[in-house]
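Okay, so subunit A shows up in both of these, paired with subunit B first and subunit C after.
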Partner chain A sequence: MRLNTKTLINLSVCIYEDQIGKFDWRQTYVGRIKFSQFDTVSTAKKIIVATEENVLAALNLKTGQVVWRHVFESASTGNIQLLAITDKVVTVSGSNPYLVRGWDSATGVLQWEWSLSLENDEQADFSEWWVQNDLLIHMLPVFGSHLEVSMYHLASGQNRGYTSKLPASWTRESTCVLTPPYYTCISGERGSENLISMDVTSQAVQLITRPLSEYVNVETYDGGIGAVDGSSVIPAFTVDDKKIIMIKNNKFEMLTTNVGDALASVALIDMANGPVVLQAWMDDNQGFTMTAHSVATGAELPELRVTDRNLKIPDPEVSSAVCTKSNREQLVCRVLISSGDDSVHLMQQGGRVLWSREEALANVVAVEFVELPVSDLDAAIESEFDQKEGSIWAAFSRRLQTQFTQLQTLVQSIQRGEGLEEDAPSALVRDYFGLHKIIVLVTDVGKIFGMDNLSGAILWQYYEADLDTEGVVVFTRRTARHPPHDAYLTVVGKQEGTGNGLIISLNPITGTLIGERLLKLDVQLLQCTLLHRPDNEKLHALILLDKEENVQVLPRSAAPLVENMFMYVAERNTARVQGYALVFNGQQVEAIRTWLVQLGGSAGAGHRIVVALGKAPGERVHSPGRVLPDRSVLYKYVNPNLVLFLTEGPDPLHKDIVVATCVDAASGAIVAAQSHRRARALPHAVHTEHYLAYLYYNDKHRRTEIATLELYEGKTRWLPAGAAFSSLSSERAPSVERQAFILSGAPTAAATTVTERSLTDKHVLLALSSGAVVEVPWVYLEARRGGAGEDGVVLPAHAPELPLGGDARLNYNRTLARPAHIHAAPAGLESTSLVLTTGLDLFYTRVAPSKTFDLLKDDFDYYLITVVLAGLILATYSTKYFASRKMLKQAWK
Partner chain B sequence: MYFQSFVVISLLVLFNYAACIDYDGWLNIKIEHTINCGSEKYCSRGNIALKSIRAGAAVIDQIQFNKQHIDELKTLADIDSFYTIRSLVTSADNSKGTEFYSSVKAKAFLDNGLSDVINAWVLPNGAVIAVSFQVTNSSQPLPNRASNKINSNFYLRYVEQAPVPDTATYIQKLEREREAREKGDVKDNKSFLAKYWMYIVPIAIFVMISGASNPEPAAQGGR
Partner chain C sequence: MKQLLATVLTVCTFSYVLSAVNIPEEEVGNGRYSIEGKVFPPEDLELGPWQVDTRIHVNGGEYIGFIRGDGTFVIHNVPSGSYVVEIIHPDYMYEPVRVEINSKGKFRARKVNYIQTSQVIQVPYPLRLKALSKFRYFQVREQWRLTDFLFNPMVIMMILPLLFIMILPKMMNDPETKEDLKQISNLAKMSEMPEMSEMFTSLFSGGAANKASAAKAKQVKKRQ
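Moving on, here comes the complex of A and B:
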């Protein structure tokens, strides 16, 4: 205790300059590619990309790393509508008003900017943009009537003075396509459709009209019309996903090459000897397939053909491509392929992937830290001690055996040499301090990654296109501590479309499916949890409550283990919370509804739940009370079933109110509640041990505030020491200490540090919209601030504003774009907590809230201590020698 | 069939809470339970009526359990099941009523002589968000009791207003500190000793020590 309070006061948590990057890393992402173009103008080879995440970035052509990046607003004001490359990188972003900007392609510096707002706000979403001859052309189709075309000078934004209205009664919504400068529609009665196209930039209105039946069979036609992918140089489009038609000399011209697959991505690229049609698709039998045909002759270019069975690129799309002839008349091609799983691959001719980027990681929705298994040798030693039975001789022979294997590995390691060992990637076994773990990340698109926490390298990936990750949860059902059983991790999500439950069980160390594998349920799920008791295979069963209030236990054999289980189901939009008791009746597990509360008053009151946050399962509380300066003990109210609900809703007097309610999820009793007037709730809260904190936006003062609650039993214990807490037999209400503080930043995520045994202090981690992750000690959030703490140490003086100092910033100068979640996990070392921040970027670091009291410092002087020790031993023996000589001499006297 | 059994008027110390409620009005809580209901799922156990939410004084009117009630409770207790109570809250604003459920362990309810605590939580706008029943720890198991009365204590709990960051007193404190600094030198009205004790004490000690060594020759001289 003494140690803790000492470190509390010394609050410099910053690191030294030489420690940068030593135990932290940052990965920058851009998101799913929307537009991309090769920057062929400037000398440094780059790909400019604009993404669904409203990011404009330049990627290095050789390595795929981000050269520069601009993160726009995440709302529709940041949507990128156009990416064009002239001598500058030109973007149109926003949605009425639009911003037109020019960026320097080498540095990413903004060169010019002008804004444009359209009068016709309703139709503005249908706007089309393109750049032609240093003019920005904006076209607004008014379907069934006309097209409005305006041209602007690119750099200055100067209008040509008028907006031409071209009569076009043949335009229909969703059957039209723009292939600059042509606007093409399929129009007319069913069965006798015409393909009509018009050059919208020409002065004279000139229509190209052909019956559709010339190109496709009108009877079977239903595929519609689509522009070709990639940044095409030639106006071309596909009809019915079968035929490719380009417009040349004001005429339609159908290519002899047909679309190879219904799901193929078609692109037209310019090459030295004429344009080429590039197609890519994922074939069930042949794997990833890419073909290229000359437009002029229809002949296939064999050097560009790729069929790779091992390449897994679901739903590939040719984002952009560039081909040049090298000095030796060889074709050099670079094709940027974006995939359905949000990854990006740069491919060269012949199908070799130069680099890949996993942009799915820009949208992480769930994170789990998984322990690594012990090495085979350690496992053997452990199993030796596990075996209790057997004679003394059997035990002796086992001992000899293991000693022999230990000796063998020692000899092997000496033979291998030490230089080699450093180069080899660190094996996936548990290290001495438990700092090495695997981070399992579930991403929005349905791709699951296993990542090495020390290096940030991706160890495995698993893509499930059918996984809808809204409200996805991850459970570690068996850790790697139980050899010979593998670690077991389960992802519970929804199926795309139907919303039925989808369960993926895999081994988090290797990424292979195990156990239930991929389980598609035929019912929607309400709630899921883990059984707290493991079965005889050390596996924690998964308990699912479905929409019909039936309970499923996976595996089924674990059903008799269900006892004293409670669940709650909260409806987000009505703030109605129901509690269930799970009872095993001899055959199956039943859910009995035991309680119901309406946190908004009634369903129609308009209150909604913003946060429902319980305690982390398996959380430890180190001390049951806190020592006050007068040596009395204030006992904590530690209820493992406590859940914090944060609701917001309208109020007749105070506009909006935020209500924080602490509900005992087993009994349904409300333990504490408080309300904030004229405030809006933010979806960030922390809840651990006896304290809670949540964030809300104060509408009256226009600032973000953090409210804290601490629950105490009082100065006497309710239950004798060691007695288990029971929600159903405690009718007493804890005393609540409350406080609120002003935050100077705008937080986007909150979490607390977690350590193995909770001996260490807990710090609150806040991610701010400015890109910082800040560590705030709990003493700063305490209600008792300003008074005296334990041991008479003075707590920090009361101040209404919470200090978010620069030295408390975990990510020093590495700013994070859009941090969204913070995840903390314990390391094997008590002092240390592992922290991962997700968002557009990933940032991993370790924190030691009470300093590394159980670890020597990095710069610990081993040399000096060895010298001192050796010197002391030497001195001891020499004095002993001299002393004995002196005694001898004295004896002779 | 039903007769007035028990009336508890719980008067709370409400002066602290009164400010939290923006609204006042009547409140009626109809209590229903699952035991001895015959064919229906829920039947009446009693009623709680409040004239004023702000005052919090309640009239509780509950049935007395007969043998059938106790027997059904005992069968529930044998399988360690729940005794579920449904409550319907109506008020001036909410004539249709909002329903709540709460459960206690049947065994605990029996063991503690049918005594429970009813907590109703009220939002500042007067809406009830929860009615929860909990068994109190009474030392009177049922067989020893004379009657089968339900012994309920009703508490109306208010969702309190959360504290706001206390800027006013902090600014005042800063002002006071600033003033103290400005007037610092003039205002020091401590006594001479209190101000300069650190200089006086060493001198005094020095004098005492030297004084202690001096008397010796003086004493010798006296001989």
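Moving on, here comes the complex of A and C:
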């Protein structure tokens, strides 16, 4: 009898406690700054920021690191409307109903909160909030009619008894600005506008009215009115982007200082010797420029002037600033500047940047792992083997030469190793195990980053303000494996505004533009793909299908290589999928419509596509089948053209249904389908080899479920071994094994681990809304769970709920805020897969689904082995010596 | 055979949209309610503001609550429906609770059971939530311990015979033991076929006489 207790599947995936931070890192972000204020009251100096990502955070003034952070709801219920600092940090968030909260600025603990809902829901979006004398003031303008002003006690929310309605027929939408406590509008006929302002908190209605022509030329005026940036202490605004007007003693007062540039950000800050106008803009010739003028005298403060040609801060905005006088009567200023590329810089007087935060990384939309090139030396060695010609002597001399250079670098590295320590950044060359890569991240704002995967350090950045990253795709068109050609990466996106195609090609190692560089197309794109065959420069051509169904091939010379190419275009809202065949007709490539599938029944059924997911390009499948307990083989259905479509739509009987359809994208054939009643689809699915998994929310049982499909050809092969799969010649449908499991969390992203040769097990990675990234071995999702596996392997017993315990969590207690995507890439080691989770935070780690079978354990005790070996050698020689002495003694006896 | 290699790539016109898990529309009333409760910190927690690290997620982050200094929390503006309230702490596990608010504004809290969704085990409302246990994130590294090594049966099997081989000859050199052995051999000589019992009694009496050597006593026991 054979013992059936042997398990090959080791299901514990967690790391050891001493491995914390050894090969993972987490970076926390807050998002683009919306409001900021310096908290100079408490001992540990901080900047309190509220962001577009609905995050409230305190940043350390010295380092820029997050001291504490609160992540609000990502929907409009979490929108932060106001940030004010009294003795507490006060926020107003949400959009009718609003929540008013007070936080302790040192610890970040919530002190009080109260809810406020407005009756006038339509106008609520125009609400203005501010804090004055421990009162929260809410103002709701009803344009052309009146202003509703309510005051609430800040901590308790008690209304002071009334909502006052101030008559204000002069208010106009989009020409008004609030500079607490004044509300100012430009009103009147064109050419004879008046500037009207009112203190909305005063008991008596008192209007300040001056003709606009006193300040600007009404003939040429079109800049409108704008509040000054930053947390101003004095009510002030700009008119026509040229003049700064402040309100003092119920009078308008125009400053002698003009706005320096049409795009300048203007801020008023309070200083020891009176208020100061601070302006910052990006000058075409002089680079980043910041000026400061005294309000009282109009004289410039030279110690605050900054012009820096090397500082690249597109569209700078003075978010907040604080200036104090040091002991030696010197001005000490801290200016927080937020930029159009979502970065934040803290600057001191003189223009030195103390720290910068790249908040664009809070919104990563596309990720690509890029291999590093081999070092020059390795390249030389490799090229040595390429050169076949030449006599034996030439080869010998080459050998000697390379060996000499190798020796040289060895000596150099030893010399260098003594001098400096690990501070020097490791050279950007491929390491022995292929674990070192560059992560290229495309962010929502249009900034592209190159990041070192081992340290998380940003190596290069490229900002393209014109890039609209909705539906952006990234292709590695040439890896670094083909010297002397550089690696080549292409980002295909849209242009801001027009929606036409925008193509950015760059070298992912250095971040410099190459090839097509920045290419602006004059047509919108439908679909894009890579040609699977490289040209003679090892470059994979980019194939673009535009709105008029014309095909462009970049570079054009690669067009004759197009053969047997198929494409599909899926319309998200109508669930219509159109297939195309790409044919080269001698001059150009044409797209011919081949098939059309209307998912979810007829066109008017109201189904929409939630997920369309094909296989990763270039995916390898290691074993073509699975061994069953009776030693027969069940062959996998591995169709490289298979695409999973997950659609959801209304159903007359079951309310909502979710349909998963597997479509062969080359032939248009529907291979398998599965529907779920009373369910809503979640936009997360995985698809590799012969199996698919997708997530949906079961409305009937109010739980999230993960459904899996496994496709098999059966016990005989359809094609002889080694033959390429053909979509057009397979008439048979695969057999499908299905199963669904319950998930106890709310998933926000799904992916599978990817390894170099797919020898290793595949695990499914799920990010949960709780901030955990969990690794679920595929055996837990298999339909055959509970049965017997091949060769006596015991599969986990069937259970309806998937285990998502602490030991399955990749990020242990490093909770991630709003994880949104998981990206996995193979390492050079077969056992290891590199995983990056994006969202508000970035988390990188590496996982070994089948354990690191090709690597020594990292706790391998080199010391013990050395000692034991040394001891054994010593013992051998000493016993030899003693034995000879004994022999000698015996001989004498 | 004409090889048909087809490459189809992902749709670029798609971008993923994160959709929070919404409650079904039919259950949404007009009224807005507040879910209240109190979270008790884990007892063995080191000092520090645990309230900052702890979040309350309702329906996977659709509503988020924050904890006040005393551990209480309120989630405002929730329409009637069924909600799963989770306490999220990086190090400690809390049991989620399902809170149901009917259209009249009556609250019911019960244990979350995803498998038998109709089973109701009620818990008190306003919620009182205690930490269940600490998350076990890490594997325990196997440490090399001397006791583990020594009590290994293989090691014992090797060490004990080694002891006999190495130590017994040494004992032989000890004069007292030699004496004993001599006595035994004398006895053996005296009566050609000595009885076992006789031999042992003599040995014991001899052993008792030499109490000083504890090692010897042990040796005797071993021989038994």
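General remarks:
Note that the second predicted complex is superposed on the first by the 852 of 893 C-alpha atoms of A that agree within 3 Å, B and C clash if a C-alpha of one lies under 4 Å from a C-alpha of the other, contacts with A are read in each partner's own complex, and residues count from 1 in each chain.
Please note the rule applied: contacts are C-beta pairs under 8 Å (C-beta built on N, C-alpha and C of every residue); 3 or more make two chains touch, one makes a residue touch a chain.
Quick caveat, the model's predicted, so the values are computed rather than measured.
More subunit A residues lie in contact with C than with the other chain of the pair subunit B and subunit C.
Of the two partner chains, subunit B and subunit C are each touched by A:742. In the superposition on chain A, A:77 makes contact with subunit C only, not with subunit B. In the superposition on chain A, A:18 contacts subunit C only, with no contact to subunit B.
Looking at the shared chain after the overlay, A:183 reaches neither subunit B nor subunit C.
Residue contacts after overlaying the shared chain place A:675 against subunit B, while subunit C stays out of touching range. In the superposition on chain A, contact of A:605 is made with subunit B only, not with subunit C.
When the shared chain is aligned, subunit C comes close enough to touch A:532, but subunit B does not.
Of the two partner chains placed by superposition, only subunit B is touched by A:596; subunit C is not. In the superposition on chain A, A:170 contacts neither subunit B nor subunit C. Overlaid on A, the two complexes show subunit B and subunit C touching the same residues of subunit A, namely 728-729, 742, 800-801. Those residues of subunit A lying in contact with subunit B across their complex are 578, 581, 583, 592-603, 605, 651-654, 657, 659-661, 663, 667-670, 673-677, 698, 705, 707, 728-731, 738-742, 798-801. Put simply, subunit C touches subunit A in their complex at residues 1, 3-22, 24, 32, 34, 49, 51-52, 55, 57, 59-64, 66-69, 74, 76-77, 82, 86, 88, 90-91, 93, 112, 114-115, 117, 135-141.
Within the complex formed with subunit A, the residues of subunit B that make contact are 22, 81-82, 84, 94, 98-105, 108, 117, 119, 121, 123-125, 127-130, 132, 134-137, 157, 159-167, 170. On subunit A, the positions that touch subunit C within their shared complex are 12, 14-18, 68, 70-75, 77-78, 94, 97, 99, 101, 104, 107-113, 115, 117, 365, 470-473, 492, 525-532, 564-572, 609, 611-614, 617, 640-641, 643, 655, 665-666, 680, 682-683, 697, 699, 701-704, 723-724, 726-729, 742, 744-746, 748, 768-771, 800-801, 805-807, 809, 812-815, 818, 820-821, 859.
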